Amino acid sequence: MEDIEIERVADPKLDAPTLVEGLPGVGHVGKLAADHLTSEFDAELVRRVYADEFPPQVGVDDGVASLACAELHAVDAGGVDLLVLSGDHQAGSSAGHYRLTDAFLDVAEAFDVKRTYALGGIPTGELIDDDDHGVVGAVTDAELCEKLEAAGVEFRENEPAGGIVGVSGLLLGLGGRRGMEAACLMGETSGYLVDPKSARAVLETLESLLGVAVDFSDLEDRAEEMEEVVGRIREMQEANAPVPDDDLRYIG
Amino acid sequence: MEDIEIERVADPKLDAPTLVEGLPGVGHVGKLAADHLTSEFDAELVRRVYADEFPPQVGVDDGVASLACAELHAVDAGGVDLLVLSGDHQAGSSAGHYRLTDAFLDVAEAFDVKRTYALGGIPTGELIDDDDHGVVGAVTDAELCEKLEAAGVEFRENEPAGGIVGVSGLLLGLGGRRGMEAACLMGETSGYLVDPKSARAVLETLESLLGVAVDFSDLEDRAEEMEEVVGRIREMQEANAPVPDDDLRYIG
Amino acid sequence: MEDIEIERVADPKLDAPTLVEGLPGVGHVGKLAADHLTSEFDAELVRRVYADEFPPQVGVDDGVASLACAELHAVDAGGVDLLVLSGDHQAGSSAGHYRLTDAFLDVAEAFDVKRTYALGGIPTGELIDDDDHGVVGAVTDAELCEKLEAAGVEFRENEPAGGIVGVSGLLLGLGGRRGMEAACLMGETSGYLVDPKSARAVLETLESLLGVAVDFSDLEDRAEEMEEVVGRIREMQEANAPVPDDDLRYIG
Amino acid sequence: MEDIEIERVADPKLDAPTLVEGLPGVGHVGKLAADHLTSEFDAELVRRVYADEFPPQVGVDDGVASLACAELHAVDAGGVDLLVLSGDHQAGSSAGHYRLTDAFLDVAEAFDVKRTYALGGIPTGELIDDDDHGVVGAVTDAELCEKLEAAGVEFRENEPAGGIVGVSGLLLGLGGRRGMEAACLMGETSGYLVDPKSARAVLETLESLLGVAVDFSDLEDRAEEMEEVVGRIREMQEANAPVPDDDLRYIG
């Protein structure tokens, strides 16, 4: 196998598609959001991306093994064409992140992608009240800010403090160097739990930006499950019991 | 030395051989099983595979040093030809695992291997009663399941939970992409101890699948030694003494 | 992206420029000093150096993302031409440090750099009294010592004990092998705190070596802020309270 | 810089030289022994080997920086020609160890080396009585054992238990694959302390094997310093005080 191999599964004609990325990260916000898009709308797998920087493993589904990869689906979001990038892994090294992101951008260019939205979470360090998940933005080009702000995206001084790490960050960094327009939409999330509510906040922003309508019922079910977990944590906090931080990290 | 070097030791004609892999892993189940095959049957070393991703070390046997490598033996299992892959090391990086597995598959193709069985263990987290080691399977192709189930292999939803890591997993992942048929046979094992009984369970499955008969007396001796260790652990557990987990890991 | 990419931003004619390097390191002394030079004097960005050994991330400034890189500015220090190398990252691997430093030296040679000063800190392990920050030197060529000693630089037996690690060290090591003259100027610093006073001590040495005059008012403001932190630490020490070492590491 | 660069410093004619390697390792036994040979006999630096797998650093001696490297000296041991390999570093990765050792073997072949002795320590886990440091051997070829046994080298079943790691091991592993004769001489040592006595035991074996005479007075001085340390440890042990294991590791 080469360092990176792009498997061509299908080549549908897409109309000025938008790349939407959601790989694993803070609160799994981006991954939840991207997976929700491929499951709610008509989605056709168009590319698998294999990389020797992914963990050396196969996933097993109904006994059938499949090699670690990232997937790109063509998604018809009610007449709006998306190219959705999702998967279970990030690269295992700095150089691997750069090479993978370049491969994703190559696919995006081959499909004539017009704009990229990288989805993710921004950690606040504390549990967040219902319906109060802000969405923080970052862009390749200051001219994009106005449109994003109109959709409710906030631009805050010195946030995210540590920059944006991983494929989401590099889609802006390397995409910007290629002259591609990209924005990162980061939903506020505690950082301790898988956060479907933050994923919904990010998707609602995307609804406004793309002019699409998303059905959130599945994501709401998921959110209710998490709410029970959050409820138990709040009880523990009020009882002054120490929160077992490690155990709760990314429950879900 | 190149990244990977395949040393050609012998080139016997093999009749539609089956590749059987057993490198170090959970409970050393796969390694015990593969080593048992090469010691019980007529075995001829055919290839050594060196890799700069193996630890930079030599083993010493009777004062004579030999460079870390994996070995492939042609094994005549009573008229059934096997190509048995064994060794003391896994690769030290993700990319190394991919490259090594590709090299193993190259050798397998050169010998016209018809099917691959990757042997390993699946951790249960607790000690297992005698003669109760199930064998869990994973395959490159759903059509293989029926034959395996007939041999007693179980396919369980969401198992193994974390997928299959290392060469065993990649033999399915990369082998499958080459169009090769492969299955992974994973014996249940506590995960705390070297487990000859789990290795026997895996080999009994292989007996049924390949139509061969294996003499298990050596493996039984090994199992009895381990049983004494397990007995001492059970006594400690019943006495409520804490199990010195670290010290017992892979005793054997 | 290639392993390393040098982006040519401007190509001013420089008169026998001196390369001054200040990347992150002990007490951030080198970085503070280099950043002070680019902010105090007329500075023109001439090169960005990207590397897949830098962390896979973007920094975000006013919402606009920029890919991790090191920057080289042409600085007019009152008639004396400097080429100032600064940035927020070191490489993530040994090989990456070597490759990056070679890239920096290539740029230096393209600008016909005559001498290199690598700026950094040398840890003393304890807080240092005001105005008592010695500057320790290391050179590519013993003939450089005399001039440096005349500017107050000290050469001490067995210091720095562990050698000089990172780009600063390799500018001497690899630069020396290219026949380039280079010196490292290391300001004494506790090693626990970002240390603007140590940066000033290093810059004062540079003033003397280059015959330039630097305005230190901004650095003094920064130093005063740090002095308050140091004051609180001293109080804690005198009260025999344990110093929360981890929390104080690189406050600033 | 290339991955590895071999700097040719001198090219004396050597008469059937023996390669003697002593890089850092267990008890620094090999390094002490090799450095003793270059300091006791006439030694001429013939090669420096630089590698981007060495730490990215310079050593500083009297203020002058020198890039991390390994050195090969031509040593005239009273009429017997040696090529002594020494240095302060091992490689930082598996692949780096393989590449470096290949480079060292290339130099050895260029000088027509007839035999290689890799020097090191073998850890016993406890302090060793005076003059009781056995020397354990390993060889590329069983035929070498007899000669070594005549010089007092012991070959023990299952020792060294974990094989031989690093350049010493690979000189046998990779040298053997090139058809070069090599032996590893490992002095018994506690593993806790720099051990000049173990280095002397190894060198005395070498005296017998090469027919040379070594003056040990400098090494004895070093040993006496260490003996004081050992004395203090024994007192602590007898007083049942816990030995501060970490602090004593490689004192010297």
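For reference, chains read A, B, C and D in written order, and residue numbers begin at 1 within each chain.
Methods note: contacts are C-beta pairs under 8 Å (C-beta built on N, C-alpha and C of every residue); 3 or more make two chains touch, one makes a residue touch a chain.
Computed from a prediction, not measured in an experiment: that's the story for all the values here.
The angle needed to superpose subunit B on subunit D by their Cα atoms is 90 degrees, rounded to the nearest 5. Taking shared numbers over all numbers used, the subunit A to subunit B interface scores under half, which places it in the different class.
Comparing mean CA positions across the assembly, the chain most remote from subunit D is A. Centroids built from CA atoms put subunit B at 37 Å from subunit A. Annotation: 53 Å between the Cα-based centres of subunit B and subunit C. Contact of a single residue of subunit A with at least two other chains is seen at no position.
Touching pairs of chains, sorted by label, consist of A-B, A-C, B-D, C-D.
Considering their complex, residues 1, 3, 50, 52-60, 62-68, 92 of subunit C touch subunit A. Of all residues in subunit B, those touching subunit A in their complex are 91, 93-95, 97-99, 101-102, 137-142, 145, 155, 157, 159-160, 162-167, 169-170, 172-174, 176-177, 184.
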